[in-house]
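There are two complexes below, and they share chain A, which is joined by chain B in the first and by chain C in the second.
The block that comes next holds the complex of A and B.
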């Protein structure tokens, strides 16, 4: 056992050393090239958003983002598939009553957290944020209520099974926004909506609808994962 | 030239994660270590271009100032989402294994699987 551990320790040391070399090279090259963001500012000019990160991941790297959404959808599908077989069994964990303070504060906080999530999603092309972070913020707010009231109460109020069809509609709409320009004869990903005025809410072309759709998709997916884990165990 | 503190912390976290992933036998701790490795690479990518004299890549209409390269941050976004999805899926597989073999010890699970195989094909 000691020899095995020594061997494994040596392997991990080599991996860490390789990572250090990689980081060092990246650091050296990065400072020499001194990162030229003006390419992205030029690429952003026809889109008109102020958040350059969202311009990249919904503009130049939109294909990557679409595939990422697909990977997320497949993972949610996998979690649902493997946990649904087990969900029919009755859980043996007893539900513990939460204190009054947690229940009341969860009720008070849920609208605020939801509002913050929607704000982060809608203003994703202007300020830090976007569909991914907004969706996860709303899902964590719902998780807070699930902790306070128990998974069954919130599961009846926001049933993930009924939201499931909307998840696939959102995915299809994202694919449509990406592919419709190809049908119209333009190159794919060239955008449907006009760019609008730089720095205003109605700017950025397709960025606002894409962010909203991705936010809805991520919220429903994360809530589905959380709900299935909760249902499987019966208590947090 | 001194490396930023973010990169040193990232390398440390990466080392801890690799050690946990390889040396520990508990599957849940292996998953936690995997999450740690992912977080360390995210921290490394974000802090590669972090300098004190530049701003985040949010433009302000009519004002010009130096900003960091936004490309690593856009790539990190994909990494975070994929990491969340993969960890959730891996946790489900660990739950299935635990339900079948009643342990999270990877070596014991391997022995049980080998014993099952021998029973099927003696």
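The block that comes next holds the complex of A and C.
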């Protein structure tokens, strides 16, 4: 038994050490970056956005992003479909609320977290961030309140059922933004809005509306999934 | 330099998070790991990935795990609130039964969660498996179907409270079954009443003035017990052992003196 444990320990030690080395080499030796910012500006200038990452995943790689959003939408749909079959569970048991500190701090933090999420979404094409991270930040703020006040209380205040229709409208609008140039006879990925002035809030063409729509979709989808689990299974 | 320190800390934190016995600590460890990973990404000039890692790894996933472990790793107790035995004090709980149940939860390595329900619902919830232990001034002669009673941890007596004067002898005395706060309110309103109570509840009620009501003590003594489902014999065994241990060390007597006077 002891010998087996020692062998297991040795094997896991080797794996952990190998992983550490891999991460180490990856970070320390494998990064040869260009420190010349003019490359960024040149690459982004045509579309007008200062965030190169956003320019790639909502520009040249827009179809990848749209398919990711579709995969997320299918996941949300699947969760809803299979949980609708289960009867709603209404807990009759009165739960003792969490401590006063958590309740008060959750109330104080929710507006700040929501504001940060909206900022990250709106400025996604200018600074780090974007629709995915912004939507997740707002959803985590709502989850914090769900932990502090109980999921049912926050479910009544922000009912995902009322937001679901907007989720599908957002998805249709994203698809429309992608497909309209193709229908109109323009080359694919040419966008429908003008690029705007470099570095301004209104710049980057379709990046701002795409980020907003993706942010709304991710927030409603993730909060909806969690709320459905809580409502139909009584737990996550 | 700072990135090197972060990279060295990451496997240490991962090992710490994996080796925690309590789930909540493991989840917090994972959250801190994600936060450091986000800092590493940031220092590696990948702020977009850092923001996403911080939002998903440190915030969303941590909150989802915290909500998910709510119904695991917990010892769920349903009880009717009883002054001296199991009662709210500020944001926390106190009482003789609270101390016994805390000892049980500590021994089993679980978080103790108490849900207050009307007395009549306690047996049903334990039988259905919605709760692990039923508590809160239970006085039972025989164990109800599907449940086991633990050896009694405190002696009590039964009292019958009837009144006020004009309504006396009208109603048959029924065992108390609802929320205790409702009973206190109806006594304050001088509602007609005929109810059978245990010692702790009777003491609290008499302190609030039972003038106009007639109180009689029934013959014989009884004991407070906990109820556990027959399917959970391990909880019953542990609870019985803890009660015996607390009685032998005198802690039970000391606790009842502090909470019940």
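Methods note: the second predicted complex is superposed on the first by the 180 of 236 C-alpha atoms of A that agree within 3 Å, B and C clash if a C-alpha of one lies under 4 Å from a C-alpha of the other, contacts with A are read in each partner's own complex, and residues count from 1 in each chain.
Everything below uses one rule, namely that a contact is a pair of C-beta atoms (placed from the backbone, for glycine too) under 8 Å apart; a residue touches a chain by one contact, two chains touch by 3 or more.
Everything quoted here is computed from the prediction, not taken from an experiment.
Q: Would you sort A:120 into first (chain B), second (chain C), both or neither based on which partner it touches?
A: A:120 contacts chain C only, not chain B.
Q: Regarding the shared-chain residue A:111, is it in contact with chain B (first), chain C (second), both, or neither?
A: Neither partner.
Q: Mind telling me which of the two, chain B or chain C, contacts the most residues of chain A?
A: It is B that touches the greater number of chain A residues.
Q: Mind working out whether A:129 is in touch with chain B, chain C, both or neither, as first, second, both or neither?
A: second
Q: Could you look at A:61 and tell me whether it touches chain B, chain C, both or neither (first, second, both, neither)?
A: It touches chain B, and chain C stays clear.
Q: First (chain B), second (chain C), both or neither: which does A:151 touch?
A: The answer is second: A:151 touches chain C but not chain B.
Q: Between chain B (first) and chain C (second), which does A:159 come into contact with in this model arrangement: first, second, both, or neither?
A: neither
Q: Of the two partner chains, chain B (first) and chain C (second), which one does A:20 touch, if any: first, second, both, or neither?
A: So A:20 meets both chain B and chain C here.
Q: Across the two complexes, what residues of chain A are contacted by chain B and by chain C?
A: On chain A, the overlap between the chain B and chain C contacts is residues 16, 19-20, 23, 27, 31, 51, 53, 127-128, 130, 132, 136, 222.
Q: Chain A touches which residues of chain B in the complex?
A: Residues 1, 3, 7, 10-11, 14-15, 18-19, 21-23, 44, 48-49, 56-61, 67-71, 73-75, 77-78, 80-82, 84-86, 88-89, 91-93, 95-96, 99 of chain B touch chain A in their complex.
Q: Where on chain A is chain B touching in the complex?
A: Per the stated touch rule, the residues are 5, 8-9, 11-12, 15-16, 19-20, 23, 26-27, 30-31, 35-37, 40-41, 44, 50-53, 55-57, 61, 64-65, 68, 71-72, 74-76, 78-79, 82-83, 86, 127-128, 130, 132, 136, 198-199, 218, 222, 225, 229, 232.
Q: Residues of chain A touching chain C in their complex?
A: My answer: residues 16, 19-20, 23-24, 27-28, 31, 33, 51, 53-54, 92-96, 99-100, 120, 127-130, 132-133, 136-137, 139-140, 143-144, 146-147, 151, 222, 226, 230, 234-236.
Q: What part of chain C is in contact with chain A in the complex they form?
A: 3-4, 7, 10-11, 15, 40, 44-45, 47-48, 50-52, 55-56, 59-60, 63-64, 66-68, 70-71, 78, 88, 91, 93, 113-117, 121, 125, 130-131
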